[in-house]
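By letter and in written order, the chains are A, B, C and D; residue numbering begins at 1 in each of them.
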Amino acid sequence: MMTEHYITSSVTPLDNLDVLSPYEVARLQDKSHGGLYNLFRQCALAVLNCGSQLDSTRMVLNRFRAFDIRISHKHRGVQLDLINAPATAFVDGELIQGINEHLFSVLRDLLYVADKVDGCCEGLTPSGAITNQVFNMLRHADALRPHEKPNMVVCWGGHSIVHEEYEYTKRVGYELGLRGMDICTGCGPGAMKGPMKGATIAHAKQRLFDGRYVGISEPGIIAAESPNPIVNELIIMPDIERRLEAFVRLGHGFVVFPGGVGTAEEILYILGILLQECNQAQPFPLIFTGPAGSEAYFDTVDRFIRATLGERAAACYEIIIDDPHGVATRMKDGLAEVTAHRRATGESYHFNWQLHIPLMLQQTFEPTHTAMRDLCLSREQPDHELAAQLRCALSGIVAGNVKEPGIRAIEEHGPFELHGEPDVIEELDLLLQAFVEQRRMKINHEEYEPCFRLATASRAS
Amino acid sequence: MMTEHYITSSVTPLDNLDVLSPYEVARLQDKSHGGLYNLFRQCALAVLNCGSQLDSTRMVLNRFRAFDIRISHKHRGVQLDLINAPATAFVDGELIQGINEHLFSVLRDLLYVADKVDGCCEGLTPSGAITNQVFNMLRHADALRPHEKPNMVVCWGGHSIVHEEYEYTKRVGYELGLRGMDICTGCGPGAMKGPMKGATIAHAKQRLFDGRYVGISEPGIIAAESPNPIVNELIIMPDIERRLEAFVRLGHGFVVFPGGVGTAEEILYILGILLQECNQAQPFPLIFTGPAGSEAYFDTVDRFIRATLGERAAACYEIIIDDPHGVATRMKDGLAEVTAHRRATGESYHFNWQLHIPLMLQQTFEPTHTAMRDLCLSREQPDHELAAQLRCALSGIVAGNVKEPGIRAIEEHGPFELHGEPDVIEELDLLLQAFVEQRRMKINHEEYEPCFRLATASRAS
Amino acid sequence: MMTEHYITSSVTPLDNLDVLSPYEVARLQDKSHGGLYNLFRQCALAVLNCGSQLDSTRMVLNRFRAFDIRISHKHRGVQLDLINAPATAFVDGELIQGINEHLFSVLRDLLYVADKVDGCCEGLTPSGAITNQVFNMLRHADALRPHEKPNMVVCWGGHSIVHEEYEYTKRVGYELGLRGMDICTGCGPGAMKGPMKGATIAHAKQRLFDGRYVGISEPGIIAAESPNPIVNELIIMPDIERRLEAFVRLGHGFVVFPGGVGTAEEILYILGILLQECNQAQPFPLIFTGPAGSEAYFDTVDRFIRATLGERAAACYEIIIDDPHGVATRMKDGLAEVTAHRRATGESYHFNWQLHIPLMLQQTFEPTHTAMRDLCLSREQPDHELAAQLRCALSGIVAGNVKEPGIRAIEEHGPFELHGEPDVIEELDLLLQAFVEQRRMKINHEEYEPCFRLATASRAS
Amino acid sequence: MMTEHYITSSVTPLDNLDVLSPYEVARLQDKSHGGLYNLFRQCALAVLNCGSQLDSTRMVLNRFRAFDIRISHKHRGVQLDLINAPATAFVDGELIQGINEHLFSVLRDLLYVADKVDGCCEGLTPSGAITNQVFNMLRHADALRPHEKPNMVVCWGGHSIVHEEYEYTKRVGYELGLRGMDICTGCGPGAMKGPMKGATIAHAKQRLFDGRYVGISEPGIIAAESPNPIVNELIIMPDIERRLEAFVRLGHGFVVFPGGVGTAEEILYILGILLQECNQAQPFPLIFTGPAGSEAYFDTVDRFIRATLGERAAACYEIIIDDPHGVATRMKDGLAEVTAHRRATGESYHFNWQLHIPLMLQQTFEPTHTAMRDLCLSREQPDHELAAQLRCALSGIVAGNVKEPGIRAIEEHGPFELHGEPDVIEELDLLLQAFVEQRRMKINHEEYEPCFRLATASRAS
């Protein structure tokens, strides 16, 4: 039995990622404010901590206070010295190769982002510049494969789901994998790991040696959702919105498993895109699925969507319960439509340029009382705009309910005031209540108390 | 949901296996006695039936009476036409690639054996000629890799084990795979599939893209133990003894999971080899392992071995309960010893020529009353000979208890008479009883009745 | 400057060719009559002597009397110890990798032939059995590639041609290579090396990394025509007739450069095949070509063919002078026809089974007085039979003119008597005279004296 | 015979180079001043014109006035439409694959340079920033291979040398290639092509399938020295100085063949580096070599170096005449020293960071009358500074003698005035005269007239 918890070791990468300039090495070692050391250390630790069950960044950082990472140049390339790293990342003292790769992916993406601040986008709109950056990062990470037919299935869902749900995600991944599909997730445990595991077995049976298991993360969540080592392409986007954009531009089909509020937010993000007029000609396979026994989650979400955004929104997705084979064949048909559409319109297979993402969904939402009050939760606006507003409201409510800064803000300033229709506000309340009852949130049923209320006065700017 | 049960389809192999001469095609299509058609059809059906739960050759053949296979030459190579094949081998009408490979492995090995009858061994002993044939078949199947360090772990055990035991074999396979070891089994379900599945996930994490999952079968059992498609090297040896020899010459380490009488026979086979004087200098890692709750199986076997063959035999193996990590690290050490030994003695990494296998273990045992009566179950002979005799006795007793021809023979001629010491006969009885109680045999506890007795008279030739 | 002429060194192969059984090692070391040692040593020496200018087997063997080769087993495979090997095969003491490969190709083919004596052809005609063996050897040498479109161009011609002719063969090879064609020759210098060299440069420009340079030799000539190391697939057929059959079954198009009598014999061999009724539906690109200044050779050959075999024979080939680009585009068209024909008739791309080769052309011709007298050189037989007879006559006449045993036989028994038409005999005489004048034979113009005469009496059996 | 001279065709790249953003496509199509169209068209044309003998950019551009290149996006990536392109780049209407690759290398490097203007070098010195850019470009072109031992031999020399010299460069390349060395040149004809051709044959014999033939060019000279298609890594640096820096940082050994004044300039560039104190501990293999008959060139250069820079400079190189084997073994020893040094000092194998290149050699020299007058050609300065000054002087004198703007400037303002020692000026004169006599310059012996004179007055600013 293993007893040691920390390991100190040196690793070198297997391939060309280790060609760094002294200038880059210096930046990675720079502990000053502008330097990359702190960010790199934090992401590296997250990557090394993949076997652990801790799911808060703070707990991880605290437990491995003594962790350090140093970079040095050798005649054959770069070497990383890991000091007091989590022992779970090692087998008999040697770093698991998949984790080794992840370390150098982190390094690659942090350096790229640092190198690219501003610049080189003259003539592009703000939205276009963000999309261009997402494209550049994916290309630099070698994630764009122009000669492969559309087959990248993005899987979303909770990272702390129950055993039956986890097994179900494996079965769905297996059926997708049997049909040659690749998997892309947010790269943590649960619904982000299961499909990859299932697909790995299926790809082995189909002798698909280049199966892709893409994990897209960002520095803010990577510690809580450590990439599992099956991920063979890890990409660290600079923030949550660019991460979401990377999913929808890279993916060809989308499967949503049960999750919590985060998953509901992602659904609203995607509906905010799909409901736009200019995106409606595009085939966009979107399937919600779970095992028998998990219907409630999607019932709740579906009801909420129909009540607030209407039938047109509900037509964007399909709900399939307890049928991995059905999910896979439906997805296969969907991908065939995507392929035909891309071919017909000359759109590239590897990056969905045609999809229009409004700037609002590309920018970060900070859930302050002011920002919440400025939201407009009314059906008297285009449904795609309401979807985007709801996504923000949901984000703020979760903060107010369970996140520390949010709870403190509520204690100080009282509940958030939301503007809009009473019906919409009420639906929000029902949605949250249901999640609590289904144990999808870290809150007890009895404790639930809405942290928001309908604003009576007209909005003050 | 899939509803069709039979599929008719044409397949071509991916690589050079499809270069056949018209002469070979004719042999494969030859339905006469000397022709290969019937054997090929039977093995092909077994390979195609991998998803099924039927575990008797007769049931499989019966269910797929309408199955046919035809071979034809196309300008780019050979084509197989499958008529009324099991639908489980297909995904959306296309044969699973791993099964496609298996079909052509069958074809490769049947043709090779047919081509090689007799001949080309002048100057070799009968035993040497058999070993040479085993070598030639493994080489022809491209299973010998001279540049790879010893890392092939043979896993034996039952094909119909309980869920906890199956999950345990996966965990052991995972730990072996994390350490870069390859897996070789008899290629059916249960303990033959679990380790491969675990190793597949581990190899993916370690980025070992050339992980080997070798399945060694033979025409007599392939239908009952269909190769699972993870097997990426399927080898069909001509009979059960050559199959066993292939295991011990190709493997570098051996893990035995709980099984039934077949597994006990394999253990006696291996002890019959290891107890020989000339083999004792060789390191030969041999571990018996199972999850908590399965100790009884190995307790029974261990007791039997100590009682009949003695402590020297018991020193050949190690029993590790409920510790996958321990199994893997112990095996890793064992492989290091094997490597050092091969290097020191100039023995090849890829084939264990040095191991002496007595002719008796290379030849088929037919369990007739005469053959049983001719066995000598006495400790007054070298222990390795007793091990070989016990293996035969066990084989005959199983036949008498549960196999149709055996049962009939007992009904006609009465119980087998065994010669030897009463203690040994009694131990045999205890072993069988324990297996029945542990539900390791297809027989109820109440029904168990020994099909053998100690012969009182002296042996009549 | 290099001064040493002999090097002693040990080599191991790069790949799986080194998996030998002790039984095979023993055969290769067996210096007795039935053993392979002498044959292996002779072929190995030929392969090692590739840089040399000696073109007689005897001179080579004599110069390297002290050469020895030993085989031993190491834990990672076979090792060859080379003692007093030609220094030209080494660069700074290390064997050129291409030559290393050749050594193991020799070993592979000699063992294969030795293993296959007789047997395994029940039901085949004598001719069919020979073809089957040719197929088996090519397959075993991994020379059959079912998925590659017909693009193998066999190049024949002299091994001691003048500089302009050599440069021309390079230019033709370059143009063939630019069009993705592979090259197959008899693997010595001159016209057998030039096309490969040209194609190597062209393949590099076209990024064709798997260009094939196949050399087909046999033990009797390999010493005189050492394979050049560009050959990346060396195949040693057991005798000259199987070598010729390998060319015509493996090749898809044929280019003949100027040569000597040997080249003329090869042309007659091919005409003996093509003139058969059953072969005439097959497209069979056959181009004779040389630089400006070398027209005489093909004029002579063409005149002889028209005079003896008639216009139908002359229609089998095309003569193109001083136009590498024209040769290549014409060949490209020819290969397209071959591809269309194979596809239409279901014939494999990789081996021309459809071509009928009469048993007479598959069997060795020994040029004794009796055998020569038994030839029938008359146009009163089918032209394909006359072509085969002429090939034998040519073979005998060359022996009588320049080969030691032939010269001695003529001295003892007088000139060969040939039966047939005076015109045909006279054409033979003219052909030989012209070759002498063109310095295509090792004989001076003044010394030429026919070693044959028309038999006046009727043939005595 | 080919008669067409222009071909219109569409090409797509084989690999990931074709993943461009619409933003990048727009830049490449932008014909305005800031856009890349003109530069791209000019370089693309140079690449396509590789078979031609024209060696002036103007003539090339003039002849292919009608050439156009357009870029468009397809669903599988980028497509280039070539209109009226030189037919010599095609084989039967299809672009030679090597040239296809070159087109996309051009595109890659032009986009990279355009994207990187300024920025991202805070904290670096001007010299460091230039070096960093050279590194970034080479890395982006995937030219840095950290795991390969030093084996990159840079070959310099004239692009219009005589046949014997060309054949000699092939022989040297062959001997280098036999020893596993890669070749890097300026990628035109003559001494830049021969070594690659020889190495290609040698690599084929050694089965080195990943032989590197690196060509480094820049927009100003690419039209005059079209990359030959053997070059399998084409890199377009932004200007002549960065190109020179790329050679010395990427190369591990240097061979100089006979050339003209350009070659002499390159020699002075390298001496300007090597003579610096801080570079003297580094092993830096530098061999001047040519066939028998070409001694005069190196005699002249050697005499000039000794007379002006002294013996210490002459100790930097070795002259080897007519001995390809000697060059290769000497280079092999030199590379071993380089490897040992890099290993000992922790310097990377793939980029020579340690070499100090003074800013003066990194910056462009414009040969105006003022700039020439400002040079200081006196031995009263460190020798490495004099080497740099001489390199400039040489550059100016060539301009004054044979380049149109230079000739015009001399006609207008009289000869250049040079400051410094009479002896040095005289040596310059002798060097130029000798080159004219040896037909190394495009000027007749009779026409030679120095375009410079010793300045008598003191320098006026």
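Definition applied: contacts are C-beta pairs under 8 Å (C-beta built on N, C-alpha and C of every residue); 3 or more make two chains touch, one makes a residue touch a chain.
If you want to know which protein each chain is, UniProt gives these names: A, B, C, D = AMP nucleosidase.
Quick caveat: nothing in here was measured; it's all calculated off a predicted structure.
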Item to check | Reference subunit C (AMP nucleosidase); chain at largest CA-centroid distance | outcome: A
Checklist entry - What whole-Å value do you get for the distance between subunit B (AMP nucleosidase) and subunit D (AMP nucleosidase) if each is reduced to the mean of its CA atoms? => result 65
Checklist entry - Quick one: subunit A (AMP nucleosidase) and subunit D (AMP nucleosidase), Cα centre-to-centre, how many Å? => result 48
Checklist entry - Counting in whole Å, what is the centre-to-centre distance of subunit A (AMP nucleosidase) and subunit B (AMP nucleosidase), each centre being its mean C-alpha position? => result 46
Item to check | Residues of subunit B (AMP nucleosidase) whose C-beta touches two or more other chains | outcome: none
Item to check | Interchain contacts, given as pairs of chains that touch | outcome: A-B, A-D, B-C, C-D
Checklist entry - For subunit B (AMP nucleosidase), which residues are in contact with subunit A (AMP nucleosidase) within the complex? => result 1-2, 14, 91-92, 96-98, 101, 178-179, 197, 200-201, 204-209, 229-230, 232, 323, 325-326, 329, 332
Item to check | Residues on subunit B (AMP nucleosidase) engaged by subunit C (AMP nucleosidase) in the complex (per definition of touch) | outcome: 16, 18-19, 21-23, 26, 73-77, 115-116, 119-121, 123-124, 128, 132, 135-136, 139, 142, 144-147, 342-343, 345-351, 353
